[in-house]
Amino acid sequence: MGKFIVKRLLELIPTMFVIVTLSFFMIRLAPGGPFSSERKVSPEIMANLQHKYHMDEPLGMQYLRYLGDMLHGDLGPSFKNKDFTVNQLIGASMPNSLILGVTALAIAVLFGISFGLLSAVCQNTWVDYTTMSAASIGLSVPLFVVGPVAVLVFALRLRWLPTSGWINGRQGWKTIIMPAMTLALPYFSSIARLTRASVLETLRSDYIRTARAKGLKNSVVMVKHVLRGALLPVVSYLGPAFAGIVTGSVVIEQIFLVPGIGNFFVKSALNRDYTLILGTVVVYSAILVVMNLIVDVLYGILDPRISYE
Amino acid sequence: MEAYWMKKLFLAAAGVLSAALLVTGCGKKAASKGTEMVIENGAEPQSIDPTQIQGNVEQRINAALFEGLVTTDPKTCVAVPAVAESWDRSADGSVITFHLRKTTWSDGTPVTAQTFVDSWLYFMAPSTAAVYAYMPAMVIKGAADYNAGKADAGKVGLRAIDDYTLEVTLVGPVPYAVDMMTHYSFDPLPMHAIKKFGKAWIKPENFVGNGPFVLESWVPQQKVTVVPNEKYWNKQNVFLSRITFLPIDDMTTAYNKYKNGEVDWNATDTFPFDMLNEVKLRDDYQVYPNLASYYLEFNLNNKTLKDVRVRKALTESLDTKELVEKVTQGGQLATGAFVPQMAGYTPADGVKFDVVDAKKLLAEAGYPDGKGFPKLTYIYNTSEQHKKIAEWTQQQWKKNLGIDMDLQNMEWATFLAKRQANDFEIARDGWIGDYQDPSNFLELLKSDSGNNDGRYNNPDYDALLEKASKMPAGTERMQVLRDAETMMLDRDAAVIPMYIYVTQNLIDLDKWEGWYPNTLDLHPYTGLKLKK
Amino acid sequence: MITAIGKKKNKEQGKNEFNQEMKSVSLAADAWRRLKKNRMAYIGFWVTVIYLAVGLFAPVLPLHPYAQQNTDHAYLKPSLRSAGIVELETRKAYFAKVMAKEGRTAYNQDEQAQIDSILKRNKTDPQQQRHYILGTDSLGRDMLSRTIYGGRISMMIGLVGTVTALLIGIIVGAIAGYAGGAADTILMRFVDIMYGLPYMLIVIIMMAILGRNVAILFVAIALVSWLTIARVVRGQVMSLKNTEFILAARSMGADPWHIVVHHLIPNTLGIIIAYAALSLPEFIMSESFLSFLGLGVSAPLASWGSLISDGVQGMQLYPWCLLVPGIIMTVFLFAMNFLGDGVRDAFDPQSKNRV
C-alpha cells in the first residue's frame, strides 16, 4: 500500500503539470483578453499594457516565466483586481470556502448516508418514497432557485436568519447556515441515492446471506458488513464532490455574499484574467488530485476484493 | 487580615484600571463623531489607483479619496472650485490659469501646481498605460504625442508658474475643458508616495490621498472602507464618520439588503429589473435622466446594411415609445436623437416611427414585404435587460417588416472582441457621457475614433466635428454639432437610437440630505449627512 | 398441442430450488412486472411518457405561438378569463397602488387614457380574447407554450447528453478497469486532467469558436459528465474482475472483449442505470446553470433552465413566471429519478425470480 501511495503521489506532479500547461495555452484561445475595455484604448497604450504584463514576449517564454514563478509560490498579479496578487486573492478566499465546504459536505454526508440507508432497508414502503422524494429535491431544483427562495422564506418573511453576508459581519455564525445547507443539497441528494442503490445491491449479495445465516444480529450485519461494502461507490463520489464543494458554487457565493473562491472560477474566465484563471486551476486541480488519491486508498482499504498490483 | 485588605486594594485597583481602559477604549472608537454610510457599489473595484480605473464603481470610491482642481456641483454637475479656488481663460480661450488654494495631502505634504503637472504627466506617460489617458491627451496641447510616446514631457502644455498657479495650454478654445477636469483622469497623484512605495502605495497602511476621506481597509470581495481625512481643506463639510462600499454583484441580493435596511444607498443598477413595478412605487426610488444613450450599431461594411434605405427602414419600424413604456418601463426616454439633451444643446430630431414609410423604403431597396431579406444577426451581451430589448426588436421587425433576425447572446469579453473588430451585423451599444458636451457623443462616430465599431466613415461629418472643435463656446458651435448629428441620423441613419438612460438610485431622501439626482450620476460626499 | 394462448408455455420450464415449476420469462417482461410493483417508479414512468408525448406533439397542439410578444399583455396572472379582462384588472390594480401612494382617488388623464384604450381594444382586437391559462412573461408571451417548447429543448438536451456521456464513460471505464496496468493509468490520468481543467473557460471557448447552437450545448455539458460515470464503472469492474464467475469465464478461454461485453457490463448494469437516472436530471440542471450565467440557449428559444433563471428575479412580484416552469421541470426530474431507481431495481439480474 505504501508503495502505491508513493507511486500515485509521483504521478500527481505530471498530472498537475499537464493541467496547468493545457490551461495556460487554452485560455488564450478565448476571444478578447484581459485588456478588453469598452472605451477602446489606442494601439500605443495597448502595446504598453502588454509590455507591462510581459505579454509581448513569445508565448513559450511567457509560459516558462509563469512556471518559474509558480514553482516559487508566486501565482502572479491579477489582471482585473489590479491592486492584489493572485496569491492574496486566493489566500483571502480559500479559508472561507473551506469552512463553507466542509460544513456543507458534513451535512450532505450525514444526511445522505442515513437517508439512503433508511430508504434501502425499507425498500418500496412509504418511508422509502418520502426519503427519496426529499433527496430528489436537490437534483430537481436548481441552486439559483433554492437560494433565493430560502432567502425569501427564512430571511425576509420569517426573519430567522440574515439575508446574506459572511462571518466577519455583525451576524457571525448564523450566516453560515443557509449557504451551507443550500450548498449541501445537491450533494446530499446524490449521496442518498448512491447509498440506497449500493446498499440494495449489497443486501442481496451472498456474503450478506451468509452473515445472516450465521445468525449475526441485524444491526451487526448492517454496520459491519453491508455498510462497508455499500459505501464504495459513495467513496468514489466523494473525491470530486469534495473538490467541487470546497471550491464552492458561484451561485451560493453570489446570493449569500460568501467571499469564497467559487466566484473567481466564473469571474476570472469572463474577465479573461489569465493569472487568476490559472491560479484557480492550480488550486482546484491540486485539491482534486489529492482527494482522488485519498479516495483510491480508502477504496483499497474498504474493499478486500481490490488489489493494487 | 492584611491579606484581606491587600486583596481588596488589588481588586479595587484592577477595577479602576479596567474602567479607565474601557472608557478610553470606547472613547478612542467614538472619537470621530458622525454617521456611517453603507453604499452598495455594484461590483468589486478593479483598483484604487486613479491611473488604473475606468468604471463608475471605481469612480464612486475615487470621489471619496481624491480631489482634482474642480469637482462637480451636486445638482447641476458643472465644475465648481475644489483644489483650484478660481481660474481665468485667456482671450482666445486656449490657455487656462488655475489659482490653487493651499492644501496638503493626507500625510501633510503640500499639494502644489507642480504636483498637478507631475501627476498628469505620469498619468499620460506611455509606461503607465492608463486607459483614460486619452481624455487629458485629447485637450492638452502636445499631450497626444507624449501619450503615444512620440514626444517628450517638455512639449506638453503644462506649466507651474509658481507653487499655487497652474497654467494649462489647450489644443484650442475647448469650451468644456474645465468641466472635463472634474473627471478622475485629472486627479493629482501623490508622486512622493508612489516613488517610495511603488505598487504598494495604495495599500491602506501606505495610502496617501487628498480627498475628503482616506482608505481604511479593503477586504477583497467583502468591502472597502474609508474614514475622514483629517487634513482635508473642506473637512468642516464632511459629516460622515465612515463609508463602507459593498461589492454586491447579484441584484436581487443587493435589493434585499437595501430593503432590510442594511444598506443606505444602492447605486444605479442594483435592483433586478423585473421588480421595477415594486421599486417604482417606493418613495426612495430616485430616477433622473442620465447623460447616456442606448443605441444599435450597424456594421456599415455589411453588404445589406450598406444601403441607407435598409437602415432607415429598420430604424423607422421600431416604436421606441413602446419600448420604454412597455418593455424597459424604468422611465427611460424614448429618443430619435443620438445625443441626450443637455444645457445649451437641442438634440437633432432624428427619424420618426413610421411603418408605412419603412415598408416603402424596404421595397425600394429590393425587399418588398421583407422577401429575400437575408437573415441578419443581432448580438448583445448577457443581461436580462439587453435580452428583453433584443427580443422585442426582433419581433418588431418581424411584425412590421416581415423580416427574420437571429439573436446571439455573448458573454462580455467575446462580445466586445467581436464588436470592436467590426465582426458583426447589428450590435447593441451604449455610451455614458464623461462630460456635458455633445462632442463627447458625436466623436464616437468620427471615422478615426477607436469606438466607431460600425466603421461609419463620412468625411463631411468629420469635417463638421473638426470645425466645432476649433470654435469657442456658443450657439454657433452648438449649431454646427447639431448639423453633424442631423446629418448622421437623418441622412445616413448610421445608428438606431433607442433611448436615453435614466439613473436609478435607491436612497431615502427623508433620511439623508445633500444628495441630489443628477444627469451624470456623480454624488460628492461633502455635504452628505443625516437629516436632523 | 400448440395453442396460441402463450408462447411462454412452449418455452423450456425449469425448476427452482424448492422444486417448483418455474415459468421462464424474458428479462424485460420480468423487469416490467417488477417495475409495476414499485408504485412511485410506475407513476414516474407514465409521467415521463406524458411529458415526452406532449413534447413530441407540441406543434400540433392548440398553443399560442411561443415567441409571439404582446407587450400589452406583459405579466398577466394565470387565469381562465380572457386576456382583455385580466389586462384591465392588472392595470387598475397598479393604478390603485400609485393612487394610494400619491394620495388621490381619481385616475389622472394618462391613466384614464390607458383604461379607455384597453376597453376599446377589448371590443376590436381579437388578441384580447385569448386565454393565458398559465399567465404571461415580461414580454407578454404565453407561459404554457413557452414551457412546453422549452421542455422539448431541455428533454432533448437531457436525452442526447446522457446517451453520449454514458457511451463514452462506459467504454473508457470498462477498459480502464479490466485492462488495469498502463491502460488504466493513462486513462485515469486523462480523466484526472479533464477534471482539473477550468470548465467555464472551456465552455466559453467552445461557444466562441463553434457558435451558439443547441448542439454545442450538449457537447459542452457531455464533456464533463462522462468523467464520473467512467470512474464509477471502473471501480465496479475492478471489483468484479477477480470474482469467481469471471475467473471461470477466463479459464474457459473467453477473450477480454467477450468478458467485458457479456459479463462485466451486464453486472454493472445496475450501477450504470442508477447513474443514467442521475445523469439526465443533472444534464438538465447543468443546462439551467449555463443559462443562468447567460451561456445557455439563445433567445428567443427557451429551455426550462432559461425560463427559470428569467423567472427567479421577479419571483416576489410575478411568482408564476418562476413556478410554472419550475414545477413542471421539477416534476419531470422527480419522475425521472424514481423511474431510474425503479428500472435499476427491476433490471437487477440477481433479483430475478425473487421478490
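Chains: A, B and C, in written order; residue numbering restarts at 1 for each.
We adopt the following convention: contacts are C-beta pairs under 8 Å (C-beta built on N, C-alpha and C of every residue); 3 or more make two chains touch, one makes a residue touch a chain.
All figures in this text were calculated on a predicted structure; none of them were measured in a lab.
Colleague: Which of the two pairs, A-B or A-C, is linked by more C-beta contacts?
Modeller: Taking the two pairs in turn, the one with more contacts turns out to be A-C.
Colleague: Farthest chain from chain A, comparing Cα centres?
Modeller: Between chain A and the rest, the longest centre separation is with B.
Colleague: In whole angstrom, how far does the Cα centroid of chain B sit from the Cα centroid of chain C?
Modeller: The answer is 44 Å.
Colleague: Counting in whole Å, what is the centre-to-centre distance of chain A and chain B, each centre being its mean C-alpha position?
Modeller: 38
Colleague: Approximately how many whole Å separate the CA-defined centres of chain A and chain C?
Modeller: Inter-chain centre distance comes to 24 Å.
Colleague: When you check chain C against every other chain, which residues touch at least two of them?
Modeller: In chain C, 204, 208, 293, 312, 316 touch at least two other chains.
Colleague: At which residue positions does chain A touch at least two other chains?
Modeller: Within chain A, the residues that touch at least two other chains are 30-31, 148, 270.
Colleague: Among the residues of chain B, which ones contact at least 2 other chains?
Modeller: 252, 411, 414
Colleague: Show which residues of chain C lie in contact with chain B when the two form their complex.
Modeller: It comes out as residues 67-69, 71-72, 74-75, 94, 97-98, 101, 138-139, 204, 207-208, 212, 293-295, 298-300, 310, 312-314, 316-318, 321.
Colleague: Flag every residue of chain C that touches chain A in the complex, lowest number first.
Modeller: Going through chain C, the ones touching chain A are 37-40, 180-181, 185, 189, 192-193, 195-198, 200-202, 204-205, 208-209, 227-228, 231-232, 235-236, 238-239, 242-243, 270-271, 274, 278, 281-282, 285, 288-289, 292-293, 305, 308-309, 312, 315-316, 322, 326, 329-330, 333-334, 337-338, 341, 344-345, 348, 350-351.
Colleague: Applying the document's contact rule, which stretches of chain A touch chain C when the two form their complex?
Modeller: Touch residues, chain A against chain C: 11, 14-16, 18-19, 22-23, 26-27, 29-31, 123-124, 129, 132-133, 136-137, 139-145, 148-149, 152, 186, 190, 193-194, 196-198, 200-201, 204-205, 232-233, 236-237, 240, 243, 251, 265-266, 269-270, 277, 280-281, 284-285, 288-289, 292, 299, 303, 305-307, 309.
Colleague: Considering the complex alone, what residue numbers of chain B touch chain A?
Modeller: Those residues of chain B that touch chain A are 44, 46-49, 52, 54, 126-134, 147-149, 202-203, 218-222, 248-250, 252-253, 256-257, 259-260, 262, 411-414, 416-418, 420, 450-451.
Colleague: Quick check on the complex: what are the chain B residues that touch chain C?
Modeller: Of all residues in chain B, those touching chain C are 251-252, 272-275, 277-278, 281, 283, 322, 326-327, 382-384, 387-388, 390-392, 394-395, 406-411, 414.
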